[in-house]
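The chains carry the letters A, B, C and D, assigned in the order they are written, with residues numbered from 1 in each.
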Amino acid sequence: MTTIEPVPVVEQRRSGPSFADRLRGTLPKIVLAPSFAIILVFVYGFILWTVYLSFTRSRILPVYDLVGLDAYYRLWSQPNWYMAMKNLAIFGVLYIGLCIAIGLFIAILMDQRIRAEGVLRPIFLYPMALSFVVTGTAWKWFLNPGLGLEKTMHNLGWESFKFDWLVNTDMAIYTVVIAGVWQASGFVMAMFLAGLRGIDGEIIKAAQIDGAPTVSIYRRIIIPLLRPVFLSAFIVLAHMAIKSYDLVIALTGGGPGNATELPSTFMYSYTFTRSQMAVGSASAVMMLMGITAIIVPYLYSELREKHQ
Amino acid sequence: MSFLQIKNLRKKIGNAEVLKGIDIELEKGGFLVLVGPSGCGKSTLLNAIAGLLPLTSGDIVIDGHVVNDLHPSKRDIAMVFQSYALYPNMTVEENIAFALEMRGVDKSARAEAVKSVAKTLQIEHLLKRRPSQLSGGQRQRVAMGRALVRQPRVFLFDEPLSNLDAKLRVEVRAEIKALHQNTNATIVYVTHDQIEAMTLATKIVVLKEGTVQQVGTPAEIYNHPANLFVADFMGSPAMNMLKGKVVSSDGASRIVLFGDDVTIAIPPSVSAALPQGKEVIVGLRPEAISDAGLADPQARSIAHIDADVTMVEPTGSDTFVTGRLHGMSFTARTRADVHVAPGQKFPFAFNLDKAVVFDPESGERID
Amino acid sequence: MNIRMISKLAAGAAVIALTAGAVQAQEEVEVLHWWTSGGEAAALNVLKENLQKEGVGWKDMPVAGGSGVQAMTALRARVTSGDPPTAVQMLGFDIKDWAEMGVVGNLDELATQQGWDKVIPAALQEFSKYDGHWIAAPVNVHSTNWLWLNKAALDKAGGKAPENIDELIALLDKFKEQGITPLAHGGQPWQDGTLWESVVLSTGGMDFYKKAVIELDPESLSGDTMRKVFDTMSKLRTYFDPNFSGRDWNLSTALVIEGKAGAQQMGDWSKGEWLRAEKKPGTDFVCIRFPGTQGSVLFNSDQFVMFDIGEEKRDAQLKMASAVEDPAFQIAFNTVKGSVPARTDVPDTEFDDCGKKGMKDLAEAASGGTLAGSLAHGHAQPGAVKEAVFDVVTQHLNGQLTTEQALQRLPEAVAAAQ
Amino acid sequence: MSAAQETVSAGSANTARYVIYACLIILALLYLLPLYVMITTSLKSLDEIRAGDMLALPRDPSTAAWVKAWGEACIGVTCGGIKGYFWNSIRMVVPAVVISTLLGALNGYVLTKWRFPGHKLVFGMMLFACFIPFQAVLIPMARVLGTFGLANSTAGLVFVHVVYGLGFTTLFFRNYYEAFPDELVKAAMIDGAGFFRIFWRILLPSSGPIIVVTIIYQFTNIWNDFLFGVSFSSGEASPMTVALNNLVSSSTGVKEYNVDMAAAVFAALPTLFVYVVAGRYFVRGLMAGAVKG
């Protein structure tokens, strides 16, 4: 190295930030602004619009005369809406619970240095890649007692086998759960697998040295360490449960009767097929409130935690 | 005239004031080390100099120009980061050349500069590799190369050695020192390691909670710490802090240590008059306490004290002996082959020439 | 990730996206419909070709599924965006709803010129006109109160077509003895509703149907006659096979065609399935009015509603409306579709026995006052009421509601939907 | 790696592994069933489908249904198969994925490396956008698209997908860049790189894993979307799913299940391909930050 010569600086002795520097300072905000503006208009603006509509008597197309809580009275006097809420409770609990349980189970199995991981992983993941517009028919057949599993079992000689949930009013919602779990559990598996791969190996070595059997290592150490993954999975699944629409339409169309009505199908049918847009908007507002109740505390805790 | 001036610099982050009016000056070619415990604001100060953090108030002047509002890239500085901050997607060569490329230096000149830096740092064989393929020491060199190639007016180092193992740290430390001597670059260097500070600096700034505790050469800082904090922070093992009390008899003041057992003269570093009965703290570096036989023959005042030995720590070059008297412990640096075991009595010699006295209430040194 | 490649792709894609949006200006009609299956599409193709001969292009916008549910969603989006299609296939009260929104066109001139008032039955005009103006061109008239029987199974059971509910039950019992599914039914709300309205008509007659379904008289909706209707529904339910839930109607028809089931209650579009399976009316299958509804006709009519699309496109729109009412097209389309022409002046020579019967029944019912709109197909009540009735009927049929509860729910649900 | 077999004795370890493999294989077969049904059905003749067992292998496999689905099946009044719609979908998906990914990356970059007061609120609000039910935005969106003249065009559809994908892409990139060292950005600033140069030269080239996750996620969602497709496109410009629906759920007529299934397999091919090829990177990308949510 030779001597270091100072580069002459041409700035005046005391100058405010130059225009370029000031631009540089606001550039990040300028870059973010379009996205944020879009979100403001197309998410929050539209939410406000929906809220407004729920106070009108809109039917086939939006009208803008306020009539108060009429749509909400109508909504809460609909047995269908209660059915939808009840179904969402059943579906939500089972769907989230089973997806997490099965996803975690497969992830743990996959994490045992499996030879064919590269083959198995896409098999568990692929349902997420397919829309129910695509797989709906196959599922309908499969669950249909006259065509699918039941018939196959009968053909194989197991005459007493019965699997008629799809057409059974009390059980139909569970077929929706089955198909839903089939679709999403692989994705949850991938999340858990990523979580497992991210755990510090030394912790496990330490536990092994402490003499903990494999089951205990998982139960006492690894699974508690996966807490953030559980949380993420819960959020992802919760919003998918609330938004589930294709799933129900493809499998049961909301039937038999209204046995598989969910808030999302309710909202769609009241807004678009039944020409009761105000009631549909009221149900959308209810759904948004439900989502907010789940998401906002999560967001709050997540964003606060990270910067301490 | 000083090359780098920091004038009454303040920085607030949220409601907390992280830097509370810092004043520092550094001459051209100086090696300034900012040292202090974590959270003292040293990295904040360095980032402020770099322009990576906006100031709340105060000025930063480089070579006579206020650079407060200048973008980092226009301040003509280079920075070496603790994590090295090598661009993972670029080869070593590209990493080093990146700053030149950003400045529009043409390709052949870039190659030339990279080559010269690589030669200086002996990393020519690494130029085509990516950071992930390098060892810690190699990455460190590349990070330095990235700074050197720019030939900036000021180099900023942010704890550059803390990710290296002990042996490498010493080696690289020496290299940085040599580099400074060869290039006569102006350097601001942040560390929490007081040995690095002592070995590298021409000027040390000790920081605590956003305020400058002391500015001085390594010798000044070490021998004449401005306050208890600096005294305690600099030096390992830490300076012995002995509680004492001023007694006056016959018109002369003396200090009583270890209860009433030992009375010593007021150390020569103190010129002020100490009132009778004043509580003081006498600071004495471990090397100022030794076994009686090794006491500095040129010292003007030496106190000989016998005390119980509670611990013996051989380091190879020296042996640290911890003694205890009247419930007060102190550490002495003795020669390596001293024969002593815990539980024995040992004759210590206190070289009071080196003693400094602090006011226990303000923590300041009493001159 | 190769960034340069991505950015190139992005640029290329943007160009494609932009150019894809451009459409050349030529006289053409854009038609939103849900006739996507082979036969129907073939029938519609006749219209497309007729128009092309006149130099009018056909921009097809098929949206299948749920008898127009998705199509209506798409239509809302199109209308809201201010870019409605030229013509939209629509049923009954939907037409009124849209007309009320003031987004439809006006066909008065053409209608006067071609004398639609005289040749299109008044019951259809009820929907084709709004506020006295022609807004839609009716394509056909379907009738829902039909019963389709497998001839072989019927012969085996005595060969006599049932004339009232009791005879129907007796016949279904005989089918049961033959070991086939007596009544093929698909468990979808609109199919349940179609069955229900036939039972209502059969049980209470046309006057009762009009009072209960058209006028929504609460006492009729919860009275003893309605109790009998629900009881009959429960009885009929016992003749279904276990897999009926959610089954498409054409699969049920297939069961009857194949002899796996004896009978199906379904509208006249069911005939299309028989014809396509190369079965002949009278020899392979029998079409009769649903027992107890002889002489009455519950109709629904597919119409092309013409939207207000501005002057420069109106010429093509009028050409299309005219082509729809062309007798030749009416014959070509309706012989395939199973329906009968929307105009009364079309000769029945091209039609088969069922078609001829349908045309005759329609003419008689229209003059005798026994012609009424089908509830299940949106010609008796607006969508909201229709769906509310479906809710009760479907839940009752699936055992979620008892007859007692259904009778209580029905007037409530209807009132809530109004 | 969390596998813990080393401590188990060899014999029981082998048994355990057999059990693990058995479990995995059984589960894999269950997961594959719907796909199996789709593929075998598409290879069967209609008579065989009507008479036979849905799980049976085709007796006389034929690709006739595939040929028909691709190039001959009637959708509406035109009988050109689904191939045209396949390309429609590609034309829609590629720009929508690229734009939403790029914007998400920029947003994530700003929200982690160029923080400003209120950045958390902005991020929170963008994230909440992921959760809005799409049915609720159809009508106002139609009005907006109409106003801007984007109604009924591929560009409009791309726009809609970009808007409602932004929340997800921003989330992915923000979480990924959150873990990306700030020092690299500082170093680049000192080196003289500006806002965009730091993004293009330093962050984006290191974003491989998260780009893969985002692309997979966006590609699948946009490709599979039906609701927006049916509402904001029409006729021969419709995306694949709309055409598939027209083919599969036509209300009358003989259902050609083999053709339906073949068309469904075609509709599924691109997303399947993406998952199979990029599945490995998917887990890796999730590891790299998306999971931490």
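Quick note on the criterion: contacts are C-beta pairs under 8 Å (C-beta built on N, C-alpha and C of every residue); 3 or more make two chains touch, one makes a residue touch a chain.
None of these values were measured; they are calculated from a predicted model.
K.L.:
If you tally contacting C-beta pairs, which comes out ahead, A-C or C-D? Let me know.
P.N.:
C-D
K.L.:
What chain is the most remote from chain A, judged by the mean position of CA atoms in each chain?
P.N.:
B
K.L.:
I'd like the Å distance between the centres of chain A and chain C, where a centre is the mean of that chain's Cα atoms.
P.N.:
The mean C-alpha positions of chain A and chain C differ by 37 Å.
K.L.:
For chain A versus chain B, what separation do you get between their C-alpha means, in angstrom?
P.N.:
54
K.L.:
Could you grab the centroid distance between chain B and chain C? Build each centroid from C-alpha atoms only and quote it in angstrom.
P.N.:
Centres of chain B and chain C (C-alpha means) sit 90 Å apart.
K.L.:
Check each residue of chain D and list the ones that touch at least two other chains.
P.N.:
139, 141, 205, 227, 245, 248
K.L.:
Where in chain C do residues touch at least two different other chains?
P.N.:
Within chain C, the residues that touch at least two other chains are 66, 73, 76, 79-80.
K.L.:
Touching at least two other chains at once: which residues of chain B meet that condition?
P.N.:
71
K.L.:
For chain C, which residues are in contact with chain D within the complex?
P.N.:
1, 3, 6, 9-10, 13-14, 16-18, 20-21, 30, 32-41, 44-45, 48, 58-67, 70, 73-74, 76-83, 85, 248-251, 254, 269, 272-273, 276-277
K.L.:
Sort out for me which residues of chain B touch chain D in the complex.
P.N.:
Residue list for chain B touching chain D: 47, 50-52, 71-73, 77-79, 81-83, 85-89, 98-99, 102-103, 146, 150.
K.L.:
Give every residue of chain D touching chain A within the complex, in rising order.
P.N.:
Listed in rising order, the residues are 1-8, 17, 20-21, 23-24, 27-28, 30-35, 37-38, 41, 53-55, 103, 106-107, 110-111, 114, 116, 120, 122-137, 139-141, 144, 163-164, 166-167, 170, 178, 194-195, 220, 223-227, 241, 244-245, 248, 257, 260-261, 264, 267-268, 271-272, 274-276, 279-280, 282-284, 286-287, 290-293.
K.L.:
Within the complex, which stretch of chain C touches chain A?
P.N.:
Going through chain C, the ones touching chain A are 66, 69, 72-73, 76, 79-80, 97-98, 100-101, 187-189, 241-246, 382-384, 387-388, 391, 394-395, 397-400, 409, 413, 416-417.
K.L.:
Help me check something: in the complex, which residues belonging to chain A touch chain C?
P.N.:
59-62, 74, 77-80, 140, 144-147, 164, 166-167, 169, 172, 252-253, 255-259, 268-269, 272-276
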